[in-house]
């Protein structure tokens, strides 16, 4: 949008929403919505507590482990499915089911299989993130032009070099897009997992604050979570833009 | 989930959702029946073997689960549970559809509305909205309203963003064509932009429904012990693992079948140009 | 290279009836000057081609005439009336066809009439006539994706004919059509020009195509684009298509234009 000839950046409108939040909070109409300023103050105080730091650390840990697993397994399976018809036929039905299935229903099963602990959360993150990575990787691999692979073979690339130097790089834009979407889903996974397990990390704090009606801290937690999710997504997007120039021209 | 790539991401990412979307539609048409049967059979076989070993005291065999599924179906408990789960889902999706599509179209047509509202939904789309579900309980208790709200919270962003993106990216060549034949703005919107956007809008509704399934299950597991979520929780608490697994599998099955049917409809009716053959 | 004087007549003024007048058109996109002071007359009932190196702004000029793009300065008059936007006396044929994928051939062809609010029966009977004219009878209920590129552009052409505009603006109509279909289409176009007695303004980057179909060729220079030369190929249009393509005048004109454009090519 332009205002008085200046281009107002799109995300600036979020400030408008922050002001609205503050006004609603100040008016005291809804006890669920404390003023944004007091949420901020609560947030600043909260991040200095040991409880929060421990919770954040354990959350980050589960998320990171789950994501690394999801990326490794997802890209590998995606490459296999993209290159080998048999693998594609064997797995595609399951990948397509799980990519849009309500995986939150699976969490109780994970809880009895893996216990009420971090393992369950890690598996949840993995299950939320992996399918979209598989699908995007597979799409990327299938879009690698055949001529590029034939070129590699003509110039004597070993199978290893063929994948490392040509196929994976050519499919990188799609793989990164898959990873970014996987990250977004992974964040949802870590939150849902911890909420359902309810005794570790962020989930425990959510449980604590919502039971004690501590809205300032509840919203502070939420905002930190949202901001972290946005930043992560933006970071991957930044990398994606760097390889985007060849996504169109391959 | 998917739509965020199209809104925040580079333009190229637009193709990937269509790619996987279509492949879901081909689930029951694209591959020969034999390979699909083998794939399913192999999975059930591994499940059966893993259950017999057993890998865990809480891991029933496939046959036990199937038996539990049939008996729950026959004694009506599954059907009652679905009645309670589907109701907020339908109400929530209907509300999200009306509000979301309307909002998306307005944002697609007006730069000012886009500036004000789009960033909000981009944030909501990529943020873990599930974190807010416990909050609903305070205001709306544990009834139908709370479950419906949970559905709306998860489904609305993707519906809004798909509608917005579809309208904003309406084929400029068609818009110019309409303009060159002196179409009015209203004709341009009703005869070109909305028909051109409708496949993506519909895909948004489908993704919204997928998110809505997650929302309603989460609400039932977290706050309101009713419906299919209650079935899962209850059978878990009394260690009826086959029944519990059957309930979990059934919800995945129901959502997959619904989404596949919607997608088949989408390809057949809304995208004649994408129809195979 | 010498060219027989009879083959080419460089002209600047049009004698007789003028359908479209372009006066002092300039177009800038930011710092980029696309068109500089273009003055042109388009004679009524003739096919005039805008030809030039790629990126020279031919399409921009055509869209300014269509009223789809605003010029930075200057004006376009159709039948003496200044253009402020698209009008019923002009119809546009798009490079990418611009067919609605959700509509049948029939609805696509009748779309211009639909927008005017004409009743269904009436507009369909008109559309049916032009569908036959472009040789697509039997395809009325097909969707665009079921047609080849050449057939799709025939739909685009029929749609433009159906609104009965005096001036038809064709923006590289054959560039997305394969070579063999293009040749056939060019031949059909000549017959339609003959039959419909309309003013055609045609944009292309193919020299052969321009010489083959045009009564007048306007050569545009590289950006900032100006009118470099106007050529009237003297070709016997009554001859068979194959005879025209082998006609010495045709070949000489192609060669002459190539010599003129060659230095623009890197």
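For reference, chains read A, B and C in written order, and residue numbers begin at 1 within each chain.
Note that a residue touches a chain if its C-beta (ideal position, glycine included) is under 8 Å from a C-beta of that chain, and two chains touch if they have at least 3 such contacts.
Note that the structure is a prediction, hence the values are computed from the model and not measured.
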| item | value |
| --- | --- |
| Chain whose Cα centroid lies nearest the overall Cα centroid | B |
| Centroid comparison with chain B (C-alpha atoms), farthest chain | C |
| Chain centre separation (chain A, chain B; CA means) in Å | 18 |
| Inter-chain centre distance, chain B versus chain C - centres from mean C-alpha coordinates, in Å | 48 |
| Chain centre separation in whole Å, for chain C relative to chain A (CA means) | 51 |
| Chain C-facing residues of chain B, complex | 171, 173-174, 176-184, 187, 191-192, 195-196, 198, 270-273, 275 |
| Chain C to chain B touching residues, read off their complex | 66-68, 85-88, 90-92, 94, 96, 98, 100-102, 111-112, 114-116, 143-145, 163 |
| Contact footprint of chain A on chain B as seen in their complex | 1-2, 4-5, 8-10, 12-13, 15-16, 19-20, 23-24, 27, 31, 35-36, 38-40, 42-43, 56, 58-59, 111-112, 114-120, 123, 126-135, 137-139, 207, 210, 213-214, 216-218, 221-222, 228-229, 232-233, 236, 241, 244-245, 247-248, 251-252, 255-256, 259 |
| Residues on chain A engaged by chain B in the complex (per definition of touch) | 1, 8, 10-14, 16-17, 32, 89-94, 96-97, 99-109, 111-113, 132, 135-136, 139, 173-174, 177-178, 180-181, 184-185, 187-188, 190-192, 195-196, 202, 206-207, 210, 213, 218, 221-222, 225-226, 229-230, 233-234, 237, 240-241, 244, 247-248 |
